[in-house]
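Before I ask anything, let me first share the structure, which is written out below as structure tokens.
For reference, chains read A, B, C, D and E in written order, and residue numbers begin at 1 within each chain.
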Amino acid sequence: MTSLRFMLYQLRRNPLSIIGIVIILTFIIIAIFAPIIAPPPEGHIDPYMIPRDGYSPIPKPPNEEHLFGTTEGQYDIFYGVIWGTRSAFRVGLIVIGVVLVVGIVLGSLAGYFGGIIDEIIMRITDIFLAFPILILAMAITVALGPSPDNVIIALIIASWPSYARLIRGDILAVREEDYVEAARGMGGSHLRIITRHILPNSIYPTLVMASLDIGAVVLYAAALSFLGLGAQPGYVDWGQMISFSRNWIVGPPGNPLAYWYTVTIPGLFILLFVLGWNLLGDAFRDILDPRLSRK
Amino acid sequence: AEGEEVTEEVAEPPIKNPTIFIQATIGDAETMDPAYAYDSASNEQIQTIYDPLIFYDGASTTEFVPILATEWTISEDGKIYRFKIREGVKFHNGNDLTPSDVEYSFERGMVQDYGMGPQWMIFDPLLGIGTSSRTDDGLIPLEDITNAVEVDGQWVQFNLAAPYAPFLQILAGSWGSIVDKEWCIANGDWDGTQASYKALNDPSPGGSPLQSIANGTGPFMLERWDAGVEISLVRNDNYWGELANFERFITKVVDEWTTRKLMLEAGDADWVYVPRAYYGELEDVEGLTVYKDLPQLTADAFFFQFDISPESPFVGSGQLDGNGIPLDFFTDIDVRKGFAYAFDWETFINDALTGEGQQVASPVIEGLSYYNPDQAMYYYDLAKAEEHLRAAWGGEVWEKGFSITIAYNAGNERRKTACEILQAGLFAINPEFKVGIQVQQWPTMLRGMYMQLLPVFIIGWGADYPDPHNFVYPYMHSSGDFSEWQSYSNPEVDALIEQGIAVVDPAERQAIYYQLQELYIEDVPSFIVAQLVGRRYFRDWVQGFIFNSIDPAEIGHVYTLSKEY
Amino acid sequence: MELRAYIVRRLLLIIPVLFGVTLLIFGLLQLFSPVERAALYVTDPKQFANIAEVIEKYGLDQPVWVQYGHWITEIFQGNLGWSKVVSQPVTSAMLNFLPATLELAIFATPLIIFGGIFLGSKAAAHKDKAIDHATRLGAIVGWSLPTFWLGLMLLMVFYGLFSGLFPPERLSTEMNIVVHSEAFTQYTKLHIIDAILNGNGRVLLDSLRHLVLPVITLTVVNLAFIMRLMRSSMLEALGKGYILTARAKGLDENTVVSKHARRNALIPVLTVSGYIFAGLVNGVVITETIFNYKGLGWWAWQSAVNLDISGVLGFALFNGVLFVFTNLVVDLLYARIDPRVRLGGKVT
Amino acid sequence: MEVLVETRNLETHFPILKGVLRRPAGAVRAVDGINLTIGKGQWMGLVGESGCGKTTLGKTLLRLLSPTSGHIYFDVPNETKDEMDLLEESAANPTKLQALRRRYDLATYPSKQLKAIRRRMQLVHQDPYTSLNPRMRIKDIVAEPLAIHKLMPRKQIRDRVTEILQMVGLTDQHLRRYPHEFSGGQRQRIAIARALATNPDFIVFDEPTSALDVSVQAQILNLLGQLKRNQELTYLYITHNLTVAESVCDSIAVMYVGKIVEIGTPIELFHSPKHPYSQALVLSTPIPDPKRKRGRVVLPGEVPSPTNPPPGCRFHPRCSRTTEECERLEPELRQSGNTSWVACWHPLS
Amino acid sequence: MNELLIIRNLTVKFYTYDGVVQALDNLDLDIKQEETFGLVGETGCGKTLTALSILRLISPPGRIESGSICFNIDDGDEPIDLLAIGEEEIRAIRGSKISMIFQEPSSALNPVYTIGDQVSEVILLHRRQELVNKAIETITALLAGRNSLVNILANPMRLAERSLYQKIAQNPHSLWPRIVGRIPIMRRLLQRLKDEAKKMAISMLKEVEIPDSERVAQQYPHQLSGGMEQRAVIAMALACSPSFLIADEPTTSLDVTIQDQILELLRRLKSERESSVLYITHDLGVAAQICDRIGVMYAGSLCEIARVDDLYANPLHPYTKALLAAVPKPGEEPHAIGGTVPDPLNLPSGCRFHPRCSRAIGMCREHVPPMHELASGHFIACHNYQGETGGSSC
């Protein structure tokens, strides 16, 4: 409790982290109230598909009916960005959640027991880490076929190794701490030592990275969608909405910025979302930095 | 009035790169080998580097002009074609063109017979429908191939297995290009022996010795092929005919539309590939010439699967209980008709195609011979659709509804829209008619069609040569490309198709193809979504564009183009 | 000496890793059914008639290990398959597209590394001053920017408003002809260097112009990363005892920062250079795609969207190998900078 | 005197991995043949310079480290020990020997068996800032050994925790706090409370006060004395502060590079050290009295590396009395008085 | 004896997020020429801060609020206030006139530079004149050498070097060395200075009894033992023969036998160089062995100052007494001081020791006791002794 209050106190102190919190809270509200903010039109079967107002390829500028205008193919931008918040959270939270679990399990095994287990797990992570995340995720989505779920799977496969590594490293550091040895000296079981002593003290850097990475994961997912490897057209996804704008970057000769809304609005949503998590993660890092925490 | 004229002249910007024709398109050529090439990007390059025996006369798809053949005869029974070869023609490397080069060109093609290449079009007439070099017993005898084409003095003779009406059209394609025998052999290509036949038959991708080199008699010579980036051709200054108007012909691969648009607007490109979605964007741009309403020989259609595989994941429960469909769902013609009436062509053509398309009744689309403009067709009529769907499956369909998933290939927005329109139409008739739409990767989709997993799929066919046979066969014949996947089989149709190719008399053929068009509407094995009509946007300084619907190059033949005001 | 054993060990470890890399890549390939893999060769449904023939010809229905055997043998012979999208063998595609990417990297990498280090140290040295706040904000926003969006926004501005200033692709048509003419020798295929070697100012200028936007796009995000890292590791270094010692010696603040703090602060930065490399590769894919800059990244993207599996896998393999070796180089550099590693004592 | 803990030829080596394959190439011989006997109720001090192996010895005794060879007997009757030695010498009945060792020799206990014995022996670390899990409350820290050994039902645990905390001078109010809310001295009390929770017989203190100020150190030392008297405890007290050892211990062992060189009572050790190293140690310990300037002999050189200790007597390179014998032969630890042992060829008298 | 350093009213505060920490409170302290002054006290009482204040090395969020530190650079000159002079001037003093040895030798040395580099750095900085003169001498000697081929080739270069050094010699603040130092190839011209500095560094290392000092000069800190590292640090501190040396717990992390060696070394060097030392420690034993006078600190202020014999024989302040009683002695239980050190954020009012003091009176709670001289040279800040002079009260 005390440390939580302390954390909140520290958070409050840092204006940037306040901004981060506000941004993320806003997005949470948007995600929760998406059906109210942007109700799906009647007869619309799947709310996660952006409703279309006709099939014309030419985007329409913001108007009363379409607050942010429409993209090519007449997908409503407002609806897309609002509901896109949900899919952003979905991708970010699921990927990071799964990766954390996998990373914690494998990282603990490797870090705590060491030896051959460690060697094997670390060589496997080496193999995965030999690929930049986006490239590996790209190859995996290609192999699995593009769909929002496969993007999630691909990002999980591509990003668990760095977590396993990070956790392993932190566990290695904590494993030698005196209180861990004290617990061993009391006869505590491996499970108890890992869960009560090692993880609570080594998990924080990972959690910080996780909070920073939620933004990064969403960025990767958006990049995949943008490259045409993500969701099917029309799925509520910011990256894809930007890819819709791709051919409308420059307007007609007299009015080069005619279609500014198609690229700017979804882009700003991504930027703010990622920025929010980064600010928050940064604040967390500052708070959890042992050098800064009080003695 | 005088002042106005002056300003107009001033408004004409100077011609950029007057000696070069620059086009920006998407997708690179796959090969420079005429026997292997089966994609329009390659075909386009090949047809400017190599010459065929004959070529279409202007915009016509039935009249020909002599190119490397100065004259030709067709025997009465339609089985022997003879061509007199032009004299004094030189290949780019200086070698002389001889009739044996012509013989070699076709025989070499058949010897190579790349499995996914165009050679079936040569085998079909010369050795009989459905043949290829590979059989279950191994390769067909080399003599069969060498006997099909013979040199007779300055003449070259083709011996057809049966009459084959569109044979001349086939010869006008890039697969009819004439290569230099001597040069080919020097470069490791077929040397006439059995061993080399075996070794070179069905190469892997890129495995042809002529993959990236070229030596033709055409108006341009291959200067540089920066794969994926650009192809640069230079003028053949020893061309046997009139020299081309450009010193260079450059094809740039530019995937990004915005970039292509800017290139065109700035005059850095003389022609760019404009996806139809962006026609509107160029509407008011100055300095461009646009050619509109050009019918394309390509048509997408919705295909019904008559015998869905039990493994299909797209049929819901697999029963007519409102949550799926039975595997033989589409054998009921009322279902098919109901679907056809539920498709809103007007919206599709006006919105998705921005009006650049037209509804056609059958695979015999406009621009092909024997196209029947008066053929009745389906139209958007929910009442009629309801009527048929009420009747289908003894009323059970109407009562319980159904749920299916239809598929289109990733990246094809047009087909996606078509699916959505069909979905909306059916939903409007009865909310229990649930259509899911599934995007699939191209190979996955192909597999789905091949393994009969897809209850309904949307796909299209582009012409190889401008003849109705090239369309009715895949769409309707029981062993046609699409209809075989559909398990669609109508013996009457099969008989008519086989007859249609074998008769020579145009009147007779017309009757047959009119009847096939009628049968297509009656049977609805599939229904055509639209025939596309296209546009071409050139810089206004480009002159001499001739539209021929079968031309693989959207700019037509670069040989006819020039840059001037 | 321990360091040599360490290097040898690192080199030996590369073998299983590379072996694993091929396994992983091949495993991905197995996610496609034989029909699908055969269909990868098909661009048009009319070519599909021969699918069974294709499956047999390429042995796609053979047991996995047999296929792996074939595949790996081919790879050892330098044959990574055929890249459909650019109609050439994967190996030659890589060779052809490498110079363009290299050119991009040659400009972006120093900007990223030196810029990041410079700004990061500046910010740390002036902690809580205006410059620090500005860099921090810039870094965090830069780090949050979606690369592709930044690229598109640049496109919007420079293609729309100032069109023609910084054009797409690598060279303009005229310069391209010049470069490929006989009068111009392509020593390296890096246009900049070739232009200098040929003494051709116009080509040089033209290729520089074409590099501006991609380099900016590529730089911003990664620069932000290094900057942040450098700042925090610099702050950490500045808190160390030896900094106090250096100050107590009477050294001026500049020397303290640049001589005593920076070198130590560089160590953690160096350890993540692997990530910078990964960031560059990620960025290259997107940047080249957006600016139609025909390099490895563009090719990888084309391969991916066109399901050119050999292309994607070839690129991944190439990357994997490159990355493993980059890390080795980083380790060696690390040993160079940090005597504790070089002279044993902290080698783990 | 009843013996509680005894080691025979105890050795703990840490392998040094070298080369491409990371093969062991030598070892840190941190504990290198130690025979130590601690009587029940004894407060045994262990002094020596940094790196000489004190901590390693302490941890090996508690089996937090596995010895390379040698035996550790904890509360084993002397007869049994002798029997085992006899059996080993004669090699007559290996199975029986093995069975006995399994049962009595702590050095060979598998981990399951260890758990039972852990209740009876505890360790208190040097640095109270790192020995308490920063993310656990005091009550959980102190209750943990009880929970691990399931010594009592949950409800009683709380009472017991309060009781122990009172014993070390802390109150109920502290129960719900985290370690960082305490000063160093208080933390060390908590660590001691944790060690006491299971009513152990034997506690190893690894420099428990070296991170604390003198005033706090005094508090802790007082507490330890008090607890020992009340709870009938046996201590092994590791320290490098000779004055502390002198003031509190019953007996002091001096360690040098993995070996014990001298054991004796504080008085013996301080007034008539027998080993030259002990003497140097005693003389270089600063005394807080400016008037008592000792006859200074600054010991030259540094402690040799335990990786390859000097041959013969390990102290000979720094010793002023070295003879040729010292360079060749290693002196055994021999009884030199009633309560004192020394390992030296030329002990001082 | 003259005062070398006079600290008056030194107040240091830390402005933390949790509040203001008054780390030093109106500290007064005199250090005489050639004496060793010991500063003892428990952890966190402000010993290190006092030392850092003298060098003006307190970094944010800490700040020297008020006070003066007057330092007698050369005998006879007006003492200068270290807190009032400019940044340049204080830097010239750091390391040359006043230098400091830090507590933890392993963190005081930069891990990425060799010992030789780090020692010669300070020589290069503060003994440039000497170096330049030596270098000129060497070059002149070389120029006068035989007319061998090597010499003929090298001489123009040497002439250039010499003129550069002469420029520096004429004007120590000349910009030349800085300019030359920036230009990659020209930098070689300054190499001779570095070599000279290296030589001096090695002789310095010899002086602190480092065996094999040539080799050690080329080693990195992690290759040395703690005792050797501390010797290197001492060499660094003494390289410019400072008149005032601050030693902040220089032996705390070392073993007794090594500590003994280091103390002996410091004692010798101090007497050889006739400098003053401020010796900070919390070990009363060490303080007794090495100091001439001792100041006892508690929570940011001094409570007692006396000559060493006086303090141990006759401690007056209750805190000093308690501290001495807490030191373990054979045969007797150490006496603990009750209570704990106050929270620096929340210091008690009045005398800071009063909550733990057995002799606290009402006044202690309200008024800070001033420091006054009870007997000659024996200063104390305690209300119990207010008004008394001389003698002991208990």
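FYI, a residue touches a chain if its C-beta (ideal position, glycine included) is under 8 Å from a C-beta of that chain, and two chains touch if they have at least 3 such contacts.
Nothing here was measured: the structure is a model prediction, and the numbers come from that model.
Trainee: Using C-alpha centres only, name the chain that sits farthest from subunit D.
Mentor: It is B.
Trainee: Centre of all protein Cα atoms: which chain's centre is nearest to it?
Mentor: That would be chain C.
Trainee: How many angstrom lie between the CA centroids of subunit A and subunit D, rounded to a whole number?
Mentor: About 51 Å separates the centre of subunit A from that of subunit D.
Trainee: Suppose each chain is reduced to the average of its Cα coordinates; what separation in Å results between subunit A and subunit B?
Mentor: Their C-alpha centroids are separated by 44 Å.
Trainee: What is the distance, in whole Å, between the centres of subunit B and subunit D, each centre taken as the mean of its C-alpha atoms?
Mentor: Spacing between the chain centres: roughly 89 Å.
Trainee: Round to the nearest whole Å and give the separation of the Cα centres of subunit C and subunit D.
Mentor: It comes to 55 Å between the two C-alpha centres.
Trainee: When you check subunit C against every other chain, which residues touch at least two of them?
Mentor: Where subunit C meets two or more other chains at a single residue, that happens at 32, 155, 159, 163, 289, 305, 307.
Trainee: At least two other chains touched by the same residue of subunit A: list those residues.
Mentor: 228, 246, 249-251, 294, in rising order.
Trainee: Given the complex with subunit A, which residues does subunit D contribute to the contact?
Mentor: Going by the criterion above, the answer is residues 59, 62, 64, 114-116, 118-119, 122-123, 125-127, 130-136, 144-145, 148-149, 177-178, 180-181, 191, 194, 198.
Trainee: Quick one: which bits of subunit B touch subunit A in the complex? Just the residue numbers, please.
Mentor: The touching residues are 256-258, 261-262, 265, 275-278, 280-281, 284-286, 347-348, 351-352, 354, 410-411, 413, 416-417, 420-421, 427, 434, 439-441, 444.
Trainee: Can you name the residues of subunit D that touch subunit E in the complex?
Mentor: Listed in rising order, the residues are 49-50, 183-186, 213-219, 221-222, 225, 240, 242-244, 246-248, 266-267, 270, 280-281, 284-291, 293, 296, 298-300, 302-303.
Trainee: Given the complex with subunit B, which residues does subunit C contribute to the contact?
Mentor: Touch residues, subunit C against subunit B: 32-33, 35-51, 53-54, 57, 82, 84-89, 93, 96-97, 155, 159, 163-164, 168-169, 172-174, 176-177, 180, 289-290, 292, 294, 298-299, 302, 305, 307.
Trainee: Which subunit B residues qualify as touching subunit C in the complex?
Mentor: 17, 20, 22, 28-31, 38-39, 115-117, 120, 134, 202, 204-206, 211-212, 224, 226-230, 232, 248, 250, 252-256, 258-259, 262, 266, 268, 411, 441-444, 446-447, 449-451, 459, 461-462, 464, 474, 481-482
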